[in-house]
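Input: structures, listed below.
Two complexes come next, and they have one chain in common, chain A, joined by chain B in the first and chain C in the second.
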Partner chain A sequence: MSLASRGKWPRLALMLYAILAYGFLFAPIAASFVFSLNADRFPTLPLSGFSFAWYEAILSDRAVWDALLNSLRVAFLTAILSTTFGFGAAYTDYRYNFFGKGAYLALALLPPTVPVLVLGLAMLAFLSRISLSGELYSVVIAHSVLATPFAMAIIRLRLSQIDPAIEGAAWNLGASPWRAMRYVILPFARPAIISALFLTMAVSFDEYAMAWFVSGLNETVPVRVLSILQGSVSPEINAIGSIVFTISIALVVLAQVIYTRNQNSQNRRMSH
Partner chain B sequence: MPMTVKAAEMPQFEAGTATDPSDPESREHQPARSVSAFSLAFSMPVVVWQALFFLLPLAFLLVLTLWTVQSFRLIPDLSAANWARVYGTGFFWDAYLRTFALATSSAVLVSTIAFPLTYCIAFHLSANAQRLAVLLLVTPFFTSYLVRVYTWQAFLADEGLINSALAILGLGPLTMLNNVGGIFIGYATLCLPLVVLLQLMSMANVDRSLVEAAHNLCCSPLRTVFAVVIPASRVGLVLGALFCFILTFGDFVSPTYLGGGNPPTLGILITDFTKAGNQWPRAAVVAVTMVITLLVIAFAAVRFAYKTRRSAL
Partner chain C sequence: MSSVLQIKNVTKRFGAATAVDSLSLDVGAGEFLAIMGSSGSGKSTLLRMIAGLEQPSEGDILLNDVSTRGLAAHERDTPMVWQSLALFPFLNVLENVEFGLKMRGVAPAERRKRAMTWLERLEIERFAKRAITELSGGQRQRVALARSLVTEPPVLLLDEPLSALDAHLTMRMQSVLSGLQRELGITFVYVTHSHSEAFSMSDRVVIMSEGRIQQIGTPRDLYLRPVSRFVAEFLGANNIFSGEVREDHQGEKVLTTEDGPIRLPERAYSRALGERIELVVSSDRLVLTDGEAPNRLSGRLIGEEFIGAGVNLFLETGSGREIIIQVPQRELNDLSLTPGRSLTVGWLPDDGHVIESDDRFRHVS
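Now for the complex of A and B:
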């Protein structure tokens, strides 16, 4: 695809630029791993000795464990709620035309475009009026609002690959819409549903602003990180970050493996 | 690697909803003949949930601006005092202008930094390398922004990594933390991957024959970029800049931990009013002002992105 293949130097310069840009993006990610294993509190060159001290520190820290448990609970419930809502919205957009559909889609998709601080404040004020703030489920409510659009987008993409005649054929053959949903749409959308579950889990796991506002005393991991940041410099953050990154990437890879396997077996079935 | 497809198309879908009443594929379905329990079961949960926990809280924010605080308790009221108080102070307007200027310049700066990278991915990489490039752009979304900002502190501090490297070379020290430069590094960390992905979704669809034609007409590579590639990928460029503006306008992490937090941005004002001052109504005034600003900017940007193209040459 070497359209601009005249001129070797511009191409080389562009490649070099791209490498630098990726370097910029990955420098903090890679450095965080390195610092988490470095004995120094303030990393300088040359780096001092190798140490597991920061990992030991967080593993023996009750607050970090509580935060991790809270984060996992919130992420799990958020994933289920927002994937359910996202599926409903995606299916509605795929199947129906109706008056006010634009407003419907806006309502389903807009939350990520509002700054999380504004959403956090709005949630805090509103939820505390109806006595729902300061609890773990307050964070679940806030995160599910934010994550639903992501679930919807992924599932909607998958639904647009379905042959629209298939569901109609099932209806014509006497299947109720519910049965067609159960035996045609859901199996087809399954890989996207699984991806959506994992992605919304990751969105929730990383969100700090809304969680900080509404969680009260129930810190999640990012809120814990925020409070360490506000206190003193501590490489514990790098250790927490490295563990969280590993968990997130593991979730994503897992979702991909499941997605690919499902899609392959489905394609095989369809080609028979 | 379906993940790359998913990630690349996700923003495309969000962006597409702004203009797609004529989505060809939704016309193929038969519209629902009647409202059934089945259709309601799928369409309504999201409406109820988002109305209750997205629209209602935002609406309540507007009401809250009129309430008053007496001895740390919120009193329902219809008072314009919070608006007068916040809008009457110089430091609010300083913060507003500062935040607006920071977000605008980061939208321009990050878009400019992103463009050559997007161009390189779109025009100079093989299909496989493109997928890898996109996958790498998605990875930062799964790392904590807070942790990355914290790590930048270690790089940029006066006795940090970069300055200790400079010292070995007998240079420096440079002040890179607690100033505007630090803020922009944080903003680029936050926005660059998303901006490249949004630009890419437009640039990947630029008609290759247009570029070929420009070459055949002996248009210089640089002129081809300005006369063909940029106009043809305008939607992605504008949406990239818009999302960069939205994200940075509302961010408090980079201005606080890389910019030193002083003078404050609007985001810092909100956290201060809410967390320290217990002045929720005043924080709400700031928040409502932010939302209105973003609505105006987003509306203008989307109109500009999708307006019918006049001759670009």
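Now for the complex of A and C:
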């Protein structure tokens, strides 16, 4: 039954429900965004005036720039590492059947279901034991563990749509297994790979708990935000929060758009 | 005729199951060979072994007298047209056709030229820059053919390539395929489960079951002289009588059946008395008769089936046996087909074909 075929009142009630639900989800973020542009130091209504002062303050903070640069470095490296691992895991699942494959898949998809606090502590204990803790690359290692399953899930979905004969067809036409990978599997999976790069970047850019445990003195943006918060409650937080939110959501939307566009061209193919 | 492809005692096992069972087969240069069988008969596994996509457990496959043992798929020149076509969806038509040449290191200008020649040959040159998704089923079929033929291989393998097309397109592609094959002189090994595809195009047909060849021969041979009950039934023969060889009071060799004696073809006169044999009579060799015929059977009409040029009538004899007779339309005009009415069919003894009474194949069908 479509929404329109219901009565007028149930329809209005449903719309109201949806608005409330979204409002509940996004009101804090929206409020933070609004107050980041408010001239007043305290978040009170009515708003006192429009101002970029807090953005200027945050963007003139050396420590924030360092943190942003760290975050971008970590996010970039994490995206590449976790997408590479994710592709490997997804391809293994697509290509091979072996004993214990179910357990292999469960393990590969496990990290995001472990509380990040536990993961962070474990990472700290493990990495410091093998002297890999307290550096920026420690964060890259920790984030790659967390983000790889996301990359794997996206690429696995794409590979499941491949014609099972296509790799054999490439070999049959003279492509060695490596060239079949290079000229057939990778081009086919490309939209999912690009999408996975953006999504894993977003996962890393947002992540706080693990970064806090293993980063040592190399703060990422979320860790910096918490340091600012611990010092004082300043509207600067609203400004930096808005920036982080915008970057993250942009990455997620990009990942979504790339994948959906590819999905649509798939559907066009099906309808032929 | 020299052999392009020799299959020597090839066995393929998957775990405990045997897909192909010590099979030997020679395919001549320029031959169109069809391999038929129901699913699970091992016909596709055989094709995949020729292409190197599976390795035989035992035996060897020779291409132009050279052993292929240990050669990976990409190291042999045995392109295949896949049932799903397996075209590369992210490449356009021209790039798909060029793929084999690119993998063989042919320079870009040269491979473009050669690919275009094949597109022209298959009359799809105007689609060269199109995406695969923008083509119809028949056009995709032609792209798949061009892609496989562009390297001008000695053998082309085809794995039920027409199964996804509608009847009309299948007919057209059949004539395209046999035309190409004759023109190029390339050996075609064509796996199918369709009688009409196998019989209309091929020089020889192989019937496979349980990983073994049941019979190999020209389409006419197979149709007129099936060697076993399995082959006869697989090719759609229905009128199979089994019984013992006897002599009637005139001294003629007959087959005793539950519906009375049936006179044997002259070819079968050498059969010993008391031998158990089976006799196949094709449904188009039977005629409706009102009395005189060397072999006669009467039965009750239990059904009819319209098949275009004629009608298949189903009769049930006194012993409960079902007989199918194919009657041309023009003979039906003055015949009332009331269910239950009694009809008599007749045939010439020499139109019967004797097969061994062999129980080996019974359980397969």
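Operating definition for what follows: the second predicted complex is superposed on the first by the 241 of 272 C-alpha atoms of A that agree within 3 Å, B and C clash if a C-alpha of one lies under 4 Å from a C-alpha of the other, contacts with A are read in each partner's own complex, and residues count from 1 in each chain.
Going forward, a contact is a pair of C-beta atoms (placed from the backbone, for glycine too) under 8 Å apart; a residue touches a chain by one contact, two chains touch by 3 or more.
Keep in mind the model is a prediction, meaning the values are calculated, not measured.
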Chain B versus chain C as contact partner of A:Ile249, first or second or both or neither: first
Which superposed partner A:Asn172 touches (first chain B, second chain C, both, neither): second
Partner chain in contact with A:Leu226 - chain B first, chain C second, else both or neither: first
Partner chain(s) touched by A:Asp163 [first = chain B, second = chain C, both, neither]: second
Contact breadth on chain A, by residue count: chain C or chain B: B
Contacts of A:Phe150 with chain B and chain C, given as first, second, both or neither: first
Shared chain A surface residues [contacts with chain B and with chain C]: 168, 177
Touching residues (chain side chain C, partner chain A) in the complex: 51-53, 72-74, 77-80, 82-84, 86, 88-91, 99-100, 102-104, 132-134, 136, 147-148, 151
Residue ranges of chain A touching chain B (in the complex, touch as defined): 1-4, 6-7, 10-11, 14-15, 17-18, 21-22, 24-29, 31-32, 35, 42-45, 81, 84-89, 91-98, 101-102, 104-111, 113-119, 121-127, 129, 141-142, 144-145, 148-150, 152-154, 156-157, 160, 164, 168, 177-178, 181, 195, 202, 206, 208-209, 213, 222, 225-226, 229, 233, 237-238, 240-241, 244-245, 248-249, 252, 256, 259-260, 263
Chain C-touching residues of chain A, taken from the complex the two chains share: 163, 165-166, 168-177, 179-180, 183-184, 187-188, 190, 265, 268-269, 272
Chain A-facing residues of chain B, complex: 1-3, 6, 9-10, 13-14, 17, 21, 25-32, 36, 38-39, 41-47, 49-51, 53-58, 60-61, 64, 113, 116-117, 119-121, 123-127, 133, 136-137, 139-155, 157, 159-161, 164-165, 168, 188-189, 192-193, 208, 211-212, 215, 221, 224, 246, 249-252, 257, 267, 270-271, 274, 280, 283-284, 287, 290-291, 294, 298
